[in-house]
Amino acid sequence: MDDHIYKIIEIVGTSNTSSDDAVSNALAKASKSIKNLRWFEVTNTRGNIKDGKVDRWQVTIKLGFTMKE
Amino acid sequence: MDDHIYKIIEIVGTSNTSSDDAVSNALAKASKSIKNLRWFEVTNTRGNIKDGKVDRWQVTIKLGFTMKE
Amino acid sequence: MDDHIYKIIEIVGTSNTSSDDAVSNALAKASKSIKNLRWFEVTNTRGNIKDGKVDRWQVTIKLGFTMKE
Amino acid sequence: MDDHIYKIIEIVGTSNTSSDDAVSNALAKASKSIKNLRWFEVTNTRGNIKDGKVDRWQVTIKLGFTMKE
Amino acid sequence: MDDHIYKIIEIVGTSNTSSDDAVSNALAKASKSIKNLRWFEVTNTRGNIKDGKVDRWQVTIKLGFTMKE
Amino acid sequence: MDDHIYKIIEIVGTSNTSSDDAVSNALAKASKSIKNLRWFEVTNTRGNIKDGKVDRWQVTIKLGFTMKE
Amino acid sequence: MDDHIYKIIEIVGTSNTSSDDAVSNALAKASKSIKNLRWFEVTNTRGNIKDGKVDRWQVTIKLGFTMKE
Amino acid sequence: MDDHIYKIIEIVGTSNTSSDDAVSNALAKASKSIKNLRWFEVTNTRGNIKDGKVDRWQVTIKLGFTMKE
Amino acid sequence: MDDHIYKIIEIVGTSNTSSDDAVSNALAKASKSIKNLRWFEVTNTRGNIKDGKVDRWQVTIKLGFTMKE
Amino acid sequence: MDDHIYKIIEIVGTSNTSSDDAVSNALAKASKSIKNLRWFEVTNTRGNIKDGKVDRWQVTIKLGFTMKE
Amino acid sequence: MDDHIYKIIEIVGTSNTSSDDAVSNALAKASKSIKNLRWFEVTNTRGNIKDGKVDRWQVTIKLGFTMKE
Amino acid sequence: MDDHIYKIIEIVGTSNTSSDDAVSNALAKASKSIKNLRWFEVTNTRGNIKDGKVDRWQVTIKLGFTMKE
């Protein structure tokens, strides 16, 4: 039954486009080194400002994945 | 004055497209059975992952509406 | 070293379009009177409902900027 | 032993008079359709402002009641 | 895609035996009137005391289920 | 549409009479310098004690108002 | 300088009259055995319901007082 | 009416057996010196680890009891 | 003195049996790859439901261990 | 096994010197009447201001100690 | 009695030296433009890292001061 | 643009000297194995007590660093 153990890590994705895109970028990056990504949860949404506009969205997510045997 | 009493319920909307769309789907569904929807508040944003991408956004919202006479 | 002191204010941006756009509208408005906006953090996302649809996104953000000499 | 199961709902009572009265109004309204109300807990106190005065207190409460057989 | 909308309710299960059993009792009761229960989350664990012992465990849970068509 | 931007400030009202009166005093004071006050939210209720009685209620509120053009 | 050390305790005051009165009752009771009560902070407001009305307000407060030499 | 004033204290019970048993041990200990224990609420569950197993459950609870006349 | 630096990770243990057993399963799994596990703290307790019963307890814990030299 | 029951109290230490020193002052005071102090946790850091400077640091801590037999 | 109304603002002080010094720098800066500063509360402590060392402490505080007549 | 993805880990630094020093020790340790440390945030400050004095400060921090290509 021990394949049902998950690990949770926290990463920050960024994007010049949108908050949703920052999440997608984080997933794309994490999936290069971690197999079995299962779910994410947004824990913080912030960003840098330049010339009165959003310069870079910074979205912190928790990422859950199945622990390797 | 008792028409100014509101009830708050909690629902989870989902979408393959975006986090905002998950909210819209939740409202569309709830409005079929509840009249007088007034406001919502996002309390959680998460999702499933498939092939290193967001498979389904899952956004939890609280929904406020006027209680029926 | 005292130029490294920041002030944080809280404002609510709104939009008929999207939650991200509500943030942009808040920044556009604040940048008219405040120079040196540096970062923002989303602290609440809610909205009004009309005819079972989002009528107006209301996103509360904290805004950090360098305090004037 | 299963009569000892309670349900909790969340409602917003309002009043032009006082914050306590907003709670009472919420209870009066809820008791019309729900029997066996047992306890409440205040989770938010806010209100509208008009001419520099409280126009309407809005108090959110959680309401616990015995689930019907 | 609109079958993927969930509703969340909050109930309190009780038990003279254990905290886990209080959760089971809550689920047993709720499943009599609600189909499609999907998940629960414990939000509070408390109880009454009698003669220096736990008299009744009271566990509050949030319950998620698929909204009916 | 940019008149729909609100600013939120935090103030502490006090009163020798009641917690509700402390809120009213805060609003009365704030309305002298700020136009367009729209809503408030209580974030903390405390007070000083003298001779075993409440000497002064101190209620912290967040105040929302429309940002000036 | 060590007279400036305070102890904080938590008590629940009750009242059939009002939430503010529940605080006053708690202070009256605590002041019988504790000298030098200095401040209080409300941490929870709840109550029992009877016949669709507040039966007893139950207000939890933290109480700070100077530690005895 | 002043017998309806409660005091709340915080204690940590431990057990080698289970999390529920840690609560029972805390109650057993507290009931030796405090009469009129009424309710408890779990605020934290943790433990020490030895050889990859739970060595000792440590459960923090708040304990409410009637204040003595 | 630098052996007194600890790392904290977050994992989710599951069990068909009990919430405590889900913690034990998480520790058993983690101890295969991490030496020097020292303590855990439960941060979330949830589960899946099947046929009106708990199908699988899912308990999230933070795990502290001594950082390797 | 019942010597492994701890009590937690909350006190506020103060200092004109530093936030760490406020903790030390609180411990020094508490250790005069309580044996077996085991750990502390900082829950709030604040202070009074005089002439644009920190006049007195006020640090609230929770203090854990072994309950007496 | 209306001189007993306070305003609370949020600022971030920084320092290369210590977390306490970051608070002092924030107070020194704020006191140049605000009279009647009364108290502060630390709400966040963070910093930048350079070469494996703290480069700049960044401490966010809430600042309370008497509102001007 | 994907070099702008950060990972966040949580570690506990300790020190016999001060709370700030506990942070520095944590950074010194982490920087041995992790390049590109960018920022930290204090999430908990506690410690052990011996003879009525702080024996060892234990400060939990979140550490952000650029994810390796």
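A few points about this structure:
For reference, chains read A, B, C, D, E, F, G, H, I, J, K and L in written order, and residue numbers begin at 1 within each chain.
In this text, a contact is a pair of C-beta atoms (placed from the backbone, for glycine too) under 8 Å apart; a residue touches a chain by one contact, two chains touch by 3 or more.
This is a predicted model, so every value here is computed, not measured.
Between the contact lists of chain B and chain J, the overlap is empty. Chain E and chain H have CA centres that are 23 Å apart.
The mean-CA centres of chain D and chain K are about 38 angstrom from one another, to the nearest whole unit. With centres defined as mean CA coordinates, chain J is found 22 Å away from chain H.
Under the contact definition stated at the top, the residues of chain J that touch 2 or more other chains are 9, 19-20, 28, 30. All chain pairs that count as touching, in label order, are A-B, A-C, A-I, A-L, B-C, B-D, B-E, C-F, C-K, D-E, D-F, D-G, E-H, E-I, F-G, F-K, G-H, G-J, H-I, H-J, I-L, J-K, J-L, K-L.
Here chain D touches chain E in the complex through residues 1-2, 4-9, 62, 64, 67, going by the rule given at the top. Remark: chain A residues 9-16, 25-26, 28-30, 56, 60 touch chain L in the complex. Every residue of chain D that touches chain F in the complex is listed here, in rising order: 18-20, 44-49, 51-54, 57.
Against chain H, the residues of chain I that register as touching in their complex are 19-20, 23-24, 27-28, 30-32, 37-42, 63.
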